[in-house]
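What follows are several structures.
Heads up, the next two complexes both have chain A, just with different partners, chain B and then chain C.
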Partner chain A sequence: MSTPNHRLDALRGDAAPVDHNARTIAALAGNPGCDRRAVLDAAGIHKQNTAVHLGHPAPFGQSPFALARARSFEELVKADGCAHLLRLLRDTLGLSIPEVAYTDIADVGGNAAHQLRHTHTRAELRRAAEDDERSCTLFDHPLLKLPVAGHEVYLEPAVIAFQIGGRFHIVEIKSFAIIDETADSAQVAAASRLSALYVYALKALFEAEGIDPDRVSHEVVLVCPKDFANHPTATLLDVRQQLASLRRQLSRLTGIDRILDRLPPDLSFTLDQSPAELARAIRTVEARYAPECLSSCEMAYFCRADARACGSLDALGRTTRDDLGGLESVDAVLDLVGGDLLASPEHAEILGQLRHVGAIYGEHTEAKAVAWAS
Partner chain B sequence: MGQLVGCVTVELDDLEERITELRGEIRLAKAGGDDAKVRRLRAELRKAERAWDDALEPDFEPDDVPLLPIREQVHQALTLLGVPSATKMIVAVNEAFFAGRVTTTQLTSLRRDEEKSFRSSPYARPYYLCPALTAELLSPARGLLAISTWPMDVRIIGPLSPRTGFLTSAIRVAEHITRLTGAGGDASTEAYRLLTRMARNIPGATEGFGRADPARVISAADAELVVHLESDRRHRREAAERATARLNEVTRLFGAGLKTASRSAS
Partner chain C sequence: MGIVTSYARALAVREGRAQPIATVRHLHLSARPMVFIPLKLAGEAAAPLGAMVGTDPADPRLLVVPQPRNRDLRFAFMAELAQIMLPYIEGFATATETVTGRNERERYLDAPQILVPGGRAIEFVRLLGRSTRFRRTDGPYPVDPSVPVLGQWLTFLYERTEFAGSSALVPVTEALALHWATGQSPLEDANLATLLAWISPPPGLTGQEAAAAAENPLDWPPAGPDTDPGFDAQVLQHAIRAYDASGSPALVRQALRTQLEPTWRLMWQAVDQLRGLPEAASVAERWAFDRDQYTREVARLADGGPPRGRRDQAGPAAIRLWDMEAAQQTYDAQRAYDDPLVMTEHRATGKAFTGEAVHVDADRRILLPGGKKPVPRPLVTVRTGDPVRLTPGKKVFSVHRRKQSAEIVEIDGDIVVVQLNDQLAKGAGVPTAGDAVCFTELDLGGRIRPGFPTGEETPWTHGGPPAAYVPTDEDAVEAWS
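Up next is the complex of A and B:
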C-alpha cells in the first residue's frame, strides 16, 4: 500500500516539485470544489508548464508594473517609522498614543534565512503575547509557516499589529484604490482570502506556542490608496467566512488520499507523454471550472475548453449553475424547456423560471422588431 | 566611444577646411581693398576658430554641478535632522533646504564605500556615514544612515526610535523653517510640502488640507514625543553600553551582523 506522498510523487514523475505560496493557497480556497487543482497542487506539479504542454497556456503572469506599484505603495505606508500606518491604526483600531513600538524582522542581524526569521518572529510574538507591559506593537516583515500537504510553506504578511486589547491584527497593504468607499469586489475578495490565510497561519502559530488562538483577530486591516490620490486609507475586513472555507480546503488537502483512492493506480501527469495522453490523464480528475478561475489558475483555459466542449453549465458562471441546480448541461436545459425532457417535480420550479425569462426575452425582441418596423 | 571620437574628427576637419578658405578669402578681399568685407570675414574666421577650440576639448561637465560632494550633502541633511534617517528623508531634506540633487540610488553604494575606506585607513576622515545600529543585536539597521561622530546612543535604533526619530525630524524641519523665516527669508515650497506631509501623521499638527504651521507642528510633535522619549532613551542607553563594551572599533561604527564574521573572513 503506497502512502499518499508516494502516490503524489509518482503523479509528478521526475520533475522538481513546485512550492506552494500564499497566492496558490489562497487560490485553492477560492475554488474549494475543484479536485483537479487540489491534486495538481498537492503533487507540486508545475501547472503553467502542464497547461503549455496541453496547448492551453494561460496568458497571464505578474506584471512588473503592478509589482513595482505595489512595492512603492507599501514603502509609502511604512515610511518614516510607519507614520501613515500609525495614523490609520489610531483611527481604525483605536491604538493609543504610547503604542508605537516597531520591530523589523526582515532579517536577523543581517541574515535573512527563512528559518531564522521564522524563529525570531515566533519569539517576538510570544514575548508580545505574554508580556503586555514591554511588548512591541508593530511587527514588520514577519515570517509565518504553515504545513500544506506535507510541505512547509513560508508566508509573509505585510505587517502584524498588536493592540493593547490583547489582540493581534493582520495588516494587509494593497495598491488598488478605494474610490468613494467602494473598491473592486474581485480585488477585495482576493485580498481577504490572502489575509484569511495569514490569520490562519498566525492562529496555528499561537496554538503551537500554547497561546490562545482567539487572540488573533478575524478582522483584518486593509490599507489601500484613497480615491484618486496616493493617500493611504484603512478599513476593517471581516474574514471569518474566508477563514472557514480555507480551513475546510486545507483539511481536504491533508485528506487528499480520499481523492487519490478514486484515481487509477498507474496515473501519471509527467510531461514526457503526448498532449493527448496527458489531457486524458488530467481529465480523470474532476475539475470544477468557474469563470473566476481565469484569474487565478493556470489550468483555467484547459478546463474552460473542456467545459465548453461538453456544454457544461459551469462555463456560464456559478450563479447560473446554482440557479439550474440538478441540470448538468446546456442541452439538458434546452431539452427541459423544449419539453423533450420530462420535468421532474424538483425541476418544475426551474422550468417555470426559465419559461418566465423566455417570455420576457420574447416580448423584448418583439418590441424591438416593432420599433425597427415603425 | 570610437564613434564619438570619429564624430569630433569629422567636425574638426570641416572646421579646418573652412578656416583655410576664410583666410584665403580675407587675403583676396584685402588685396581688392574691400575693408567692409574683410571685417565681416575676420569675424567669421574668429567664430570658426572658437568652434575649432570647443570641438578639440568638448566640455562634458554639466553646467550645474553641485558644489559639495554627495557625502558632504548627506552629512548636511543628517546634521539638520539630528537622528538616523532613511535615504528618502535625506533626499527630501536635501532638496527642500539645500537645493541639492542627491538621488536615492547614489546613496546605496555610499555606505559600503565608507566602510571600505574606514577599514583601509581608520579615522582618516573627520567623519564617516555609517548605518544606525539595532538595539537588539547591534547589527546595521536597514536603510538608516547616521554620522560616526554622533554619540553611540543616538546611533542606536530601539523599538520606539522609528517614531521618536520621525517626530524629532519633524521638529527639526519645522525649526529650520522658523529660522529661515526669522532671518527675513522664506523657506522653499518643497520645505513646506515636506513639513505638511510629515505633519499629517502627527496628531493635532494640522487642520484641513492647507500648509502646516511650523509652530503648531513643533508643539504637537513635542506633545507626542514626551510620551515615548523616556523609555526610548533608556532602551538606547542600555544598548549603547552593550555596544561600547562588546564591539571593536569597526563594528562599533558599522554594526555587528550575523554575517560579519564570514564577511571579514573572506
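Up next is the complex of A and C:
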C-alpha cells in the first residue's frame, strides 16, 4: 500500500498543488463531515478549475476594490515600522512598549520555499521564547504548519505574531469597519475563526518545540478601520470558544488515510478526463452538501446539482431538514403524506405530523391553486 | 420557518414553483411606494456607488458617484438623493385625522413607504443615515442643508425596521419569503432574481430552471448593495479610471445602469406579486402605528430635534427593547389570527386547535374564590383533530372573538373542554353547538408599557444618570474616506 501522500499526489496528477490557508481550513472545519472537500483539499487540488471543468463554476472572486482597500489598510497599519500598530498595542493591551524589534519572516534570503520559511519561523519564535533580553518583538508573516486530517499543511501567513515579555499574541489586520464600537457580526465571527486557527497552530508549534503552549494568548488583537475613516483602531478578541470548537472539529475530521482506503486504487481527479468521467470520479468520494457551502466551497454548485437531482432535503437548508425529522428526500416526504409510501417505525411521529399538516395545507390552498393555474 | 414552510418547500420542488405559505398579505403596500436600490463600493464601509430610485416604474432616476473614493462626490450624491427622497417623505405630512381616546392626537392619513431589495440594503440605509445625520451646513466641512435631514430620515426608517410588523422600510425579498416557500434554501431566497423565478417562473420553465438561469450575474446582476466582483474587475474599474482621466461620468453611469435596471424591473414585479394578495385584517392597525411614528418624527424634526446619538442611553434602550418585544409578540399573534395557513403552523405544534363545538353549557355559573355571587363561566366542549399540547389551566384566546380569553379545563383525546372567562355581556360571545371554533395560546398583547425610570433616575447598575447627548463638532466633521 502506498503512503497517503503518494496517493494524494496521484489523485492530483501533474497539476501543481494548491496550498491550504486559514480560510480553507476554517471552511473544512465548518463542515467536518464532508469527505469530498477533505480529500480534494488534502490532495491540493485546484477546486475552482475542477468545478469549471465539471460545468459548475462557482462565481467566486474578490472585487479589485476590496483587495485594494485591504492592501492599503494593511500597509497603513504597518507603515513606518508598524508605528500605528505599536500605538494601538500600547492602548489596547495597556502596555508600555519601550523598543521593538520587527522581523519579517517572509524573506529568508529571497528564498520562499515553505519548508525553509517554516524552519526559520520556528527558530525565530523559539529564540524569542527563550531569550528574556529581547523584551518585545513583532514577527510578520510567520509560516505555521498544522496537521489537518492526518496531513501536514502550511498556513499562508497573513498575520503578525507579537511577543512581549515572553507572551505571544496574534495580531489580525482586517479592513471591515468598526462603527460606533460595533462591527458586522458575520465578519467578526469569520475573523475570530481565522484568528483561532493561527492561535491553534502557534500553540501546536510551541508544544512541538517543548515550550509551554499557554504562553500563546487566547486574546487576539483585531485591527480594523474606525468608523468611516481609514484610521485604525484595535480591540481584543477572546477566541477561547472558537479555539475549543476548532479543536473539536479538527479531531472529528476523518483521517485522510481512512477515506483513501475506501476509494478505488486507480482513482484520479486530473482534468485530462472528460467532464463525465471526472464527475464519476468525484462522486466516489462522498460529499455533505449544505447551502452554506455556496459561500465557502468552490465545488458547491456541483454538489448542489447532485443534491437537487436526487431530491435531497439537504438542498433546502438545515432548518427544513430538521423540521422534517430526518427524512432524506422530497419524495420521501410527499409520498409519506400521500400514503404512497409506508413509514418505518422511527418515522411514525413525523408522519403523523406531516399528514396533519398536509391535510390542513391542502384545505387552505386548494381554492388558491385553482386560481393560480388559470 | 416551521413544519408548514418546510412541507411547502418540499412541495415546491415537486410542483416546480413556489407554494403559498400565507393566504393574505401581512404587510402594508402603499399605493405609491418608493423603490430604492442602493449600490456600494466593495471593501468600503459605506461608500455609495450609485442608486436607482423612484416611485414610477417607467421613470427610474439613476444616481452615480463616478469616483466613490471622493468625499465631495459622495456628499453630492447624498444631496441629489435628498432632492428625490425628501419631497417624497415630507410630502405625506399634509392631511391628518384625529385619533380619539386616552391619548388624543393628530395623525397623518398616509406615510412614506420605501422598498429596498433585501436585508443588506437595510443595513446600508442605516450606515448612510449614520454617516450623514451629524453633518453640518457650516464649519470646516459644510454639506448641503438637505444632507443631514436625509440622514435623520434614513435613520428613522432604519429604526422602524427593528420593530416587527412595520411597513415603513421593507426588504422585498423578506416580504416575498413571508408569503411563498420556494424549492431552494432560505439562504438562496435572499437573491431577489431566483426568489421571483421560483414564485413566477416564465411560461415553459419550472421554478428550478428559471432560478438556475437567474443565478447568472451577467443577466441578473446582484440586487445590491454589493456588486458582482466580476463586474467590478471587468467593467467598473475601467469606467472609474475613464472618469479620473476625462472627468466624464458617462461610462460609470452606463455601467451602473446595466447593474441596476434588471433589479428595478424585479422590484416592481415583486410589488405586483404582493399586490395580488388581499391585505390581512391587522395590517391597517399596524400601518396606523407606522403613521403615528411618522407623524411624531415630522413634528420632532420640525422642532429642530437633534440627530440620534451614536449609542443608546440605558433608559431609552430598555424602553426600546420592551417595545420591540411587544411588537414581535403582537405581530406573531396577529399573523396567525389573520391567516389560517399561518395558524396551521401553531396547530401542528399544538399551540392552537380548531374544531367543532359539540356541546355548550352557556348558562354555567361558578363562585370565584372570594366572590359573593356566582358569575357566568360557560363551558365549550370542542372536538378537534389537532394534536393539542396545552395543559389544563392554560390561558387561551378565541380567534373568532379576539379579545375573549378562556382557559383549558380538560383534555381527553380529541375532546377539549374550554371555559370562557370574559366578553360575555348579555350572553354574547358564546358559540353554539355546531360552530367552528379556534383557540390558541398566542396572545395579541397590546398592553401598556410599564413605567421605566426617567433619565435622571437611571440606576447605578446602568451607569447612573447619563449626560445629555449633544452632537459634537467632532461628529459633524467626522472623516468619510
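In the analysis below, the second predicted complex is superposed on the first by the 221 of 374 C-alpha atoms of A that agree within 3 Å, B and C clash if a C-alpha of one lies under 4 Å from a C-alpha of the other, contacts with A are read in each partner's own complex, and residues count from 1 in each chain.
Basically, a residue touches a chain if its C-beta (ideal position, glycine included) is under 8 Å from a C-beta of that chain, and two chains touch if they have at least 3 such contacts.
Bear in mind that the values here come from a model prediction, so they are computed numbers and not experimental data.
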Open item on the list: Just to be sure I read the superposition right, which of the two partners does A:Val333 touch: chain B = first, chain C = second, or both, or neither?
Closed with: second
TODO: Mind working out whether A:Leu351 is in touch with chain B, chain C, both or neither, as first, second, both or neither?
DONE: neither
Task: Per-residue contact with chain A, leading partner among chain C and chain B - done: C
Task: First (chain B), second (chain C), both or neither touched by A:Cys136 - done: first
Open item on the list: Looking at A:Leu267, would you say it contacts chain B, chain C, both, or neither? Reply first, second, both or neither.
Closed with: neither
Open item on the list: One more residue to check, A:Ala79. First (chain B), second (chain C), both or neither?
Closed with: first
Open item on the list: According to the stated criteria, A:Leu313 is in contact with first (chain B), second (chain C), both, or neither; which is it?
Closed with: second
Open item on the list: Going by the contact rule set out at the top, does A:Val52 touch chain B (first), chain C (second), both, or neither?
Closed with: neither
- [ ] Check whether A:Pro225 is in contact with chain B, with chain C, with both or with neither, and answer first, second, both or neither.
- [x] second
Task: Partner chain in contact with A:Arg87 - chain B first, chain C second, else both or neither - done: first
Open item on the list: From the superposed pair, tell me which chain A residues show up as contacts to chain B and also as contacts to chain C.
Closed with: none
Task: Interface residues, chain A side, partner chain C - complex - done: 59, 61-70, 175-177, 179-181, 184, 225, 227-231, 291-292, 294, 308, 311, 313, 315-317, 319-320, 323-324, 330-331, 333-334, 337, 352-354, 356-358, 360-361, 364-365, 368
Task: Of all residues in chain B, those that touch chain A in their complex - done: 86, 88-89, 134, 137, 139-142, 159-163, 165-166, 169, 198, 200-201, 203, 224, 227-228, 255-260
TODO: Give every residue of chain C touching chain A within the complex, in rising order.
DONE: 1-11, 13-14, 19-20, 23, 41-46, 123, 127, 130-131, 183-188, 208, 215, 217, 227-230, 232-233, 236-237, 310-311, 340-341, 344, 347-348, 385-387, 478-481
Task: chain B-touching residues of chain A, taken from the complex the two chains share - done: 79-84, 86-87, 90, 97-98, 100-104, 106-111, 116, 136
